[in-house]
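Chain lettering (A, B, C and D) follows the sequence in which the chains are written, and residue indices restart at 1 in each chain.
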Amino acid sequence: MTTIKDSVHDHISVDGVAADLLDTGPVQRLRRIAQLGTVKLVYPSANHTRFEHSLGVYHLADRALDSIGIGGVEAERVRAAALLHDIGHAPFSHNVEELVHRHTGLYHDDVSDLLVETEVGDVLEAHDLDPERIAGLIAGEGQYGQLVSGELDVDRMDYLVRDAHHTGVPYGTIDHERLVRELTFADGDLVLDEGNVQTAESLLMARALMTPTVYAHPVARISKAMLRRAVERLLATPDIDAGQVRRMDDYDLVSALRTEPATAEFAARYDRRDLFKRAVWAEYDDTPEALREADHEAVRELEAEIAERASVPADEVVLDVPGEPSMTESTSEVLVNGEIRRLGDHSPLVEGLRTAQKQQWRMGVYTVADATERVGKAAVDVLGLDVDGTLVSDVRRRVNASLDEFEAGAGR
Amino acid sequence: MTTIKDSVHDHISVDGVAADLLDTGPVQRLRRIAQLGTVKLVYPSANHTRFEHSLGVYHLADRALDSIGIGGVEAERVRAAALLHDIGHAPFSHNVEELVHRHTGLYHDDVSDLLVETEVGDVLEAHDLDPERIAGLIAGEGQYGQLVSGELDVDRMDYLVRDAHHTGVPYGTIDHERLVRELTFADGDLVLDEGNVQTAESLLMARALMTPTVYAHPVARISKAMLRRAVERLLATPDIDAGQVRRMDDYDLVSALRTEPATAEFAARYDRRDLFKRAVWAEYDDTPEALREADHEAVRELEAEIAERASVPADEVVLDVPGEPSMTESTSEVLVNGEIRRLGDHSPLVEGLRTAQKQQWRMGVYTVADATERVGKAAVDVLGLDVDGTLVSDVRRRVNASLDEFEAGAGR
Amino acid sequence: MTTIKDSVHDHISVDGVAADLLDTGPVQRLRRIAQLGTVKLVYPSANHTRFEHSLGVYHLADRALDSIGIGGVEAERVRAAALLHDIGHAPFSHNVEELVHRHTGLYHDDVSDLLVETEVGDVLEAHDLDPERIAGLIAGEGQYGQLVSGELDVDRMDYLVRDAHHTGVPYGTIDHERLVRELTFADGDLVLDEGNVQTAESLLMARALMTPTVYAHPVARISKAMLRRAVERLLATPDIDAGQVRRMDDYDLVSALRTEPATAEFAARYDRRDLFKRAVWAEYDDTPEALREADHEAVRELEAEIAERASVPADEVVLDVPGEPSMTESTSEVLVNGEIRRLGDHSPLVEGLRTAQKQQWRMGVYTVADATERVGKAAVDVLGLDVDGTLVSDVRRRVNASLDEFEAGAGR
Amino acid sequence: MTTIKDSVHDHISVDGVAADLLDTGPVQRLRRIAQLGTVKLVYPSANHTRFEHSLGVYHLADRALDSIGIGGVEAERVRAAALLHDIGHAPFSHNVEELVHRHTGLYHDDVSDLLVETEVGDVLEAHDLDPERIAGLIAGEGQYGQLVSGELDVDRMDYLVRDAHHTGVPYGTIDHERLVRELTFADGDLVLDEGNVQTAESLLMARALMTPTVYAHPVARISKAMLRRAVERLLATPDIDAGQVRRMDDYDLVSALRTEPATAEFAARYDRRDLFKRAVWAEYDDTPEALREADHEAVRELEAEIAERASVPADEVVLDVPGEPSMTESTSEVLVNGEIRRLGDHSPLVEGLRTAQKQQWRMGVYTVADATERVGKAAVDVLGLDVDGTLVSDVRRRVNASLDEFEAGAGR
């Protein structure tokens, strides 16, 4: 047994297949993937990694299994899946995930190939565990897959408290001990036991506060959009393909961006934290539906058009259109008077949070600091934004969706 | 200057009039008033007092004043009011407040008499501060009164984090540092500065989670209802009146309850934590409107009727009808794009929380453990509850409004 | 099973005999005994009780048993002893323990009578546990008694972290999780496993810092000495004997002190926190050996003599002579290269801490604020202090042995 | 003013010259220098950076200046120095510092060139601050230099709490608020005010526990020794010199090690956390004096000799001889009865800690896992270790100097 000290869960005991998996390259690689990607540019203490998070998820899974009373090979499979659930992440975690997916068809939880083809597969086999079943659990399949990836999975319990611990933002401080103890299965569904409507709501609220404050903080969005753009350029060079990027760690990617002439300027900007600024920051209802649904190609064309009209280089305009607001946790299930109820059907909060999410939604256009006015005007024209004759500086007033403007560079 | 170590805010420096007020009897008395009254029967660590809370409120007020830029005598008045804001509390804090009010017409923040007639008045005068103005601030009057008692007062910022620290329930962990830094005045109103809609929402959510989990936990409600009943009996004796109770500390009151024959049994029960159990726990819509609006007299009569029908002694039935749900924080104000907006008008969450509050509302009938079935049936009849023919045991299933059933005695 | 939320250990699950013991009067009484007695006059947040501490000790004992691999009735006995280990405490915990012992011959861990004669005995018998054996464990007898009361017991692990949490003084923040995991038995002795010399030292250092800062803070010592004096007077009245005091809770004692004319003034002083001040504060080497070894009677006589010479009432002089410095933890044992070694023999720190302890030792003479000079001079004469001709104000400069002078009343 | 959220000090306000320095390349580079270098291989959460530490040091310096009452340009200089104090660090912080020094003559606090030649110099000049004076403060020169680099500097106050927060090891949890408040100047020396002998001791004890547990954990020492060896090889290639390494960030260095054929194997080992193991772990008195004083060249020769005798490749043997134990804090000064006293003269603890330090001292010989026995025997011969005929496996038992064997790879 190995005991590991963790800043969130204190001592984590790792045993069985997990202890052997620890020493594999794909798991050790997670030490070099920042859990929150570019969020560290907003919250300087947020340097935690997918490795410590994976240990935390393993730990909570183990406690949940113990509390529910699941043992034997079933439990061993879940524990393996918990430790491995993030090995499919590309560098900077979610930041370039969409991009990698566009090229490879793989999301971070599509890990069959990694489980089979790497030394991880050998370890699993040595423990008589079928890689494909583990991959299934990681993808959320089957009854026990819900523990690893689902509305009430231990993944989000760990990341909320861990991200709170490392950013210093207290909103993620949920009662994870209670959550883990109250998990149970009813009719094959993972649910929270009687008396836990509010336990479920607390999880929802924590995410509702952490999202705008941390995960979708404007500076995080800008830096992420810039990173994505740089990686696209990297992929356009003959030397690197998306499959390779997927298996890089943060060091590889930063190094590649610095070395490749097409991305060196971005790398230098990133190192100096010299980020684009917002030229437009438009609310949901002010953003034409067509634009909200535009695909990757269409977005690229609009960016080019805006850049041209504003007379700035094409790669100095980034159009950042988030997807439609969603809320996985709303489908989490709770026992109420012996019946399984969807939280979204039972809790009046869910509707409120859903509306709030839409209210916080923002479409952004970013560019270099001294071009925001020009680009803002051009974007209003090109995108057909309904801000009748307002100056861009007015548009830019629409900034206050975010709870936190720490390192308030973006607002300047 | 005196420096005091606090478990929540670390070092608190007390200066000026506050340092002199510290040594007065009415302030020292707060050391012997439990912040959360009988909640300690649910959360054994919740033994914190109004004294440490008052120091915390003083500390946050001082920081807020500093951040807003208010100094001089104005600030000194607010600091005095912050330290003194709770000296009007009766023993066990809010637990017997209604009762004392019924007899004396005074709530805990009606403290003019205490400021004038006690040594507190001497200290204020020695510092050239008018007791009446301080009393006004404590009652929330005037522009600066909002800092001490209002939707965004520092009082609730302290108690949320302090109650979280001492109960171990993390839901109250708000970002009080940020709140204090973002307070400002606009048109004479205390508001949160631009970019703080979610800061305001976070305060609301913290209260929304702490209320059912801590403040209105069923066991806390039962013990509080029992205490209230006992104090009523105490007041019915010739020796003690409500004015005296108001100035007792917890030691005095416990001692009086133990000594007085009419309340000795309650005192013994309380010491053994041998509490009444729930016979009925009815939702808002299942509780007739007339009952929800019944006054004190009417409630007493209904209790007597239930007791008689169930053939139990009159003082073994407690009918506990909470007031209509309310949410002060919904009127807190935030700057949005330069305009003052009420949170309740701007945030879709407020409506959701309001509905949730109503959903969590419960009317309770409590009695001794072995009479719950009989009393439950009698109560259904007497109160005209709409539970068509269901057994009381079914009624008792309706228990799951509460997030936490720690020390789950009440559920047994 | 009952789950209890604790501010230090989060969720504590109580099961078996412990769950039944929870509901007994002697255990519930611990809710009303302040863990640190009058220390709350220095650290206003230190209102925690023997009840939450006892739950914590139970919890750590349970984890240690689990880690060592002890189960069955042996473990059940240890768990019962852990929960019950403090039921013999008089009000204000250690503050009046010596006094009660002088009259009853009983220390707080002499609890045979309580285990046999109260309802606790019934519960133990219902679980087939012999009260005498439990009493033995509480007194530290036998192999497993070391877990409950010994150099490495879980008692001190809980109180150090709990006292740190509630006072806000960080020095007690030991790694209790590690300590509990590293306990093991070797040749029947409870020892720390290989590689833990520093784990043991850390426990020692935590106590070495907490003692002067918290447990023996001058203001705590003064208030404790005053309380002891008041209780002596109470015992001198015909109505109350030491056996009764031993079974009171804090409410009873405070109430008795307020009611009894002979102690009413003390009670009023205590309520206003109007404490005696130091007239003399002498180092170990400046205190004559005879005085350091004086018994209770001799001390009383010296006090009377000082009072007389200073022309102050006899009960306004308190002579406070602590016992010889000791350090239980120095005999704690650690495995080093397969051998059991006493920490005191192995660690060079122990000697340093021992000397430091002696350096911090202070004999105090306390009196009312305006008599310190007179009483100081008289004490120098009567006690034969070697401060050749110095004024008492010089004597009083020798104040700075203490780390913390919070609520610096004592220094004024 | 910029406000930055920090996981340790919560909100940090950055103002004046510091706000402008924040945006410079040399300060932003600190985001990419791990505070504890390879310690993250032992404590997976220890991914914090020199950037957040520098902000913390700035924050504490600002509070200390405020508390002492220093303002104006003096204070502005100290704040600049605090923020800049670590910009001279090479990648992986202290890990390759000696090596860089051997080649460049510069330690991490020799930063004159960086202050003059980079954009930092421009910012300082724009604020009328002389770079040379700032460099002097960073080197600890002058009265105020003691605040930045001295026995009682705010640097160590920040790193102890920060390292504790991020590793999860509680021993560094000092009372930094109190330390900062108690700093004062006496006769031009930075001292702790009256009543703070134990405050000073607590700092000493924190370091005494953190050092073996964290900073000199065996696995940290092994990985650091391996890294040093690899960087030496890197410097032996024609392409990279020590001046360049000094200005790299962690990404540059890892990337260089991966790319350079001579170090690629190390890079691969590091990524898999496949570290050398201990072949010898000898106590101070068992290590010949000549060896303890051997210089770099001599050590290289001994390594070669051991490798040859054990028939392993030369670069698979690392001889790791720490310097003589030292304890800067022992010279820190405290006011005792109005006189400045050195802690080392006053506190009996210092001598104990000094002896403990020597007791914990270990000379190590490391090699690949399957050669430890052979290399151990060879080392015993070559180094003339006094372990008369013992098998190497016995030598290897001498492992227990360390408090923590987390991720116990080194012990396997």
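The rule is simple: contacts are C-beta pairs under 8 Å (C-beta built on N, C-alpha and C of every residue); 3 or more make two chains touch, one makes a residue touch a chain.
Bear in mind the structure is a predicted one, so any value in this text is a computation, not a measurement.
Listed here as common contacts of chain A and chain D: B, C.
Ranked by how far their CA centres sit from the centre of chain A, the chains are topped by C.
Remark: chain A and chain C have CA centroids separated by 51 Å (rounded to whole angstrom).
Chain A and chain B, compared by their mean Cα positions, are separated by 40 Å.
With centres set at the average Cα position, the gap from chain B to chain C is 34 Å.
Under the contact definition stated at the top, the residues of chain D that touch 2 or more other chains are 3, 10, 169, 178, 404. Chain contact summary for the complex, chain A toward chain D: residues 2-8, 10, 23, 25, 28-29, 31-32, 40, 43-49, 51-52, 55, 165-169, 249-252, 254-255, 258, 271-274, 404, 406-408.
On the chain D side of its complex with chain B, the touching residues are 3, 10-11, 177-178, 181. Those residues of chain D lying in contact with chain C across their complex are 169-171, 173-175, 178, 194-199, 201-202, 205, 208-209, 212-213, 336-338, 347-353, 355-356, 359-360, 397-405.
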